[in-house]
Amino acid sequence: MKKINVTVWDETQGPIGPYSNGIYQAIADFLVESGQFGKVRTATQPEPEHGLTMEVLADTDVLIYWAHNHHGTVEDEIVERIRKRVNEGMGLLILHSAHGSKIFAKLLGTDALHLRWREASEVERVWKIESNHPITAGLPDYFEIPKSEMYGEQFCIPTPDELLFISWHQGGEVFRSGCTFKRGNGKIFFFAPGHEGFPIYYMPEVQQIIINASKWAAPLGDEPIKLQNVTKSPEALRIGDKTE
Amino acid sequence: MKKINVTVWDETQGPIGPYSNGIYQAIADFLVESGQFGKVRTATQPEPEHGLTMEVLADTDVLIYWAHNHHGTVEDEIVERIRKRVNEGMGLLILHSAHGSKIFAKLLGTDALHLRWREASEVERVWKIESNHPITAGLPDYFEIPKSEMYGEQFCIPTPDELLFISWHQGGEVFRSGCTFKRGNGKIFFFAPGHEGFPIYYMPEVQQIIINASKWAAPLGDEPIKLQNVTKSPEALRIGDKTE
Amino acid sequence: MKKINVTVWDETQGPIGPYSNGIYQAIADFLVESGQFGKVRTATQPEPEHGLTMEVLADTDVLIYWAHNHHGTVEDEIVERIRKRVNEGMGLLILHSAHGSKIFAKLLGTDALHLRWREASEVERVWKIESNHPITAGLPDYFEIPKSEMYGEQFCIPTPDELLFISWHQGGEVFRSGCTFKRGNGKIFFFAPGHEGFPIYYMPEVQQIIINASKWAAPLGDEPIKLQNVTKSPEALRIGDKTE
Amino acid sequence: MKKINVTVWDETQGPIGPYSNGIYQAIADFLVESGQFGKVRTATQPEPEHGLTMEVLADTDVLIYWAHNHHGTVEDEIVERIRKRVNEGMGLLILHSAHGSKIFAKLLGTDALHLRWREASEVERVWKIESNHPITAGLPDYFEIPKSEMYGEQFCIPTPDELLFISWHQGGEVFRSGCTFKRGNGKIFFFAPGHEGFPIYYMPEVQQIIINASKWAAPLGDEPIKLQNVTKSPEALRIGDKTE
């Protein structure tokens, strides 16, 4: 079975909050350590073409995308490039504040930036809604994030194909914190927790979810859906075959 | 109850195929005749701002959109304007070859242009998949379009919220020809039949579907979903109220 | 437009908790007071055939079902009678602890009894997930129930067709507290709040939801889906018609 | 990785139509030949407990169910046993005329017997609706069954979680011929083709679909969803932990 190549994308380089090598490197590290993936790359916004050249994307099975403050300066051409690759089959994980990214809005068709939020340091309790699903496999009924930013409903997304997690926030809100979507051949997983100020990506449950989702989102090898002008109909072909 | 204002949009003006006053006027005519709507406007691509000024859209509850050959020349600013209004709650009907429009792709996030097609003159039989639904109310189990262009699967759309019609094509294909989607507060209905060369919009079943869908898609008056920074939590508010 | 006939069903008769005439009567009262319905009946488990005779069900557009402690003694024949009527098009509202009823399990196919619960007296905050939907029309972003029993995830239901409300519970749980399902022609709405010990059905938001849902669930008049042996195909019929 | 145990169930024993050892044995044969499964058992209705003892079901990861003429004589106790195991996580494949089985109706909650049918010998063309899905992996855009019975819409099922195949029938009908559902932890796949008079289960595409679906439906090892009375809330537990 072909190994899954993952590219972890971040809007900044270098240390941030509790992540001495950046969030992207923290995520890449546990993916590598799991031994379950092929190439694990990182790419960042300051690099040429935001590190997402045609070559990199063509060799990426799953793109993990974290961003917060620089959505506006991501180039539209690169956003379109990602959208196209997702439609072709590349998996995409949208983490935390990347809900406000251009690529997420472009794939969903909604103002996914729109939600209720509070720069908080509150408990978030993540509840599993679906079991016997590849992304939630092995997870407990719930787990607690001691300090988390608050994201709450109403969240401007289309009805997800699958709702896997709902979060309880200490201040009184709820949030659909784990959702899947499919666009063309591409599988998308949104996972809400992950503020840059808290060590959330060091939590084993969160790492398990990201590992599970990366495996789930990997393409199975099908051709992209195409525009096809079929001048000869299947019935014409079928009857033709018989008469020959 | 507030009357529903409908705007029927077309990419061209003037007669086309069997429609002596254009497809847009044919649709506007049966909407008016039904007596079930408020203002029924038409708007066309050649007009300034494609006839879809801020004022027109603000006064439109449901936009009906037909287009075929000029998707590429629709201005991006107008497309974004429509997308925004749909997210705010305006209903949208996407008819026939408008599957390839910028606005449909932008709302779905997929290459909705991509499907199988054949410039044909074949029977299309439209099967009702859901009954007891506002859009299919009063329709028979199926109806036949004597001459129709072929649109077939695989059609590059996200899983619809509701699948209402599936078409059988004489040449051997099937198609999800009636689908609903929701984006933000806006309800969207895609209906496949309607080639400009055939008198399909004169068929009573098709008119019934478009009338039904226009009523279904009309907004109920809710506020758009917003980005809200809630610095004081509901729990803080609640406890505060108690202690006062 | 035909008036909607509603039957409110309860497992017991007489006063319970804050409801001096029973929960069923409290619900019937505000439905009548709204002036938006036709016949508003009540029916209870102690009556012959549980008050749900063939005649009553045939004249019922929407059945509202509240039950808690006597699920086991509801006769299977009556359960099957309700199931059949729902498939034919009768709407059904399943309230609170009726999640554990035979009829809900029979319609869903899951052990819908299974959830997390606590006989509590805690705050429940009900969040609106979908706006511009007939059931949530006119409701605020959230409302608070000062004292409520806790129902929490994981809740053993199929993925709802629509998820309209998610509840936040003071003790730390979340719950999909407003969900729609369709079975055959019948629309089903589950709404979680409503413990017999608290005056929840006197709350205006809850009354609004039940009124909205009763209108939404009413059948539109379509024939039930039938088993049909079509010995002559649509194509045979079509070609036959032409040749005559 | 644990091997998947499959049990293939049939209502009759012995040869039928083109299947010299029965349909159940034909299916078991290609599953064994694929080398991708653990124990591949067969079980039939004439056996004690219909061959589906507690021990057999407990050791079955995926049950494949074919039936046609004897739905009425399947014992309710065994049906309930299967339903319970599906809710616990056992996968279930419902083949062809098993759409009319007690177990399918019980899991769906609808009169899934109800559809349009014709004892025909017509071409059925099976169209793939979703690519990049485990069940459709490796399949062409469509394939043709030269002779097939007709099953057509409207089909009385709830909206499937996923719609994977739609069939075109020569006589003019369409059918949702490949659908997934989830009930509790159990994954269900319905696949329509497979009349006992035609050699459909010998077709490589059909075998691929059944192999794919059996792998997809296998449980991942999660505990069943339970009714849990949580007298101590997560918040009480959390705060308790801190104060100790």
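Chains: A, B, C and D, in written order; residue numbering restarts at 1 for each.
One rule holds in what follows: a contact is a pair of C-beta atoms (placed from the backbone, for glycine too) under 8 Å apart; a residue touches a chain by one contact, two chains touch by 3 or more.
All values reported here derive from a predicted model rather than from experimental measurement.
Peer 1: Would you mind checking which chain's C-alpha centre is most distant from the centre of chain B?
Peer 2: Using the mean of the C-alpha atoms as each chain's centre, the farthest one from chain B is D.
Peer 1: Do chain C and chain D, two copies of one chain sequence, contact each other through the same residue numbers, with over half in common, or through different ones?
Peer 2: Shared-number fraction above one half, so same.
Peer 1: In whole angstrom, what separates the CA-based centres of chain B and chain C?
Peer 2: From the centre of chain B to the centre of chain C is 31 Å.
Peer 1: Starting from the mean Cα coordinates of chain C and chain D, work out the distance between those two points in Å.
Peer 2: 29
Peer 1: What is the distance in Å between the mean C-alpha positions of chain B and chain D?
Peer 2: 36
Peer 1: Could you pull out the residues of chain B that touch at least 2 other chains?
Peer 2: Where chain B meets two or more other chains at a single residue, that happens at 116, 125, 131, 152, 154, 159, 169, 172-173, 182, 225, 234, 238.
Peer 1: Touching residues of chain B toward chain D in the complex: what are they?
Peer 2: 116, 125, 127-129, 131, 141, 152-154, 159, 162-163, 166-169, 172-174, 176
Peer 1: In their shared complex, at which residues does chain D touch chain A?
Peer 2: Touching chain A from chain D are residues 89, 123, 125, 130-134, 136-138, 142, 144, 182, 185-187, 219-223, 225, 234, 238.
Peer 1: Quick check on the complex: what are the chain A residues that touch chain B?
Peer 2: Residue list for chain A touching chain B: 83, 87, 106-111, 113-120, 122, 150, 152, 154-156, 158-159, 161, 169-173, 181-184, 224-231, 233-236, 238.
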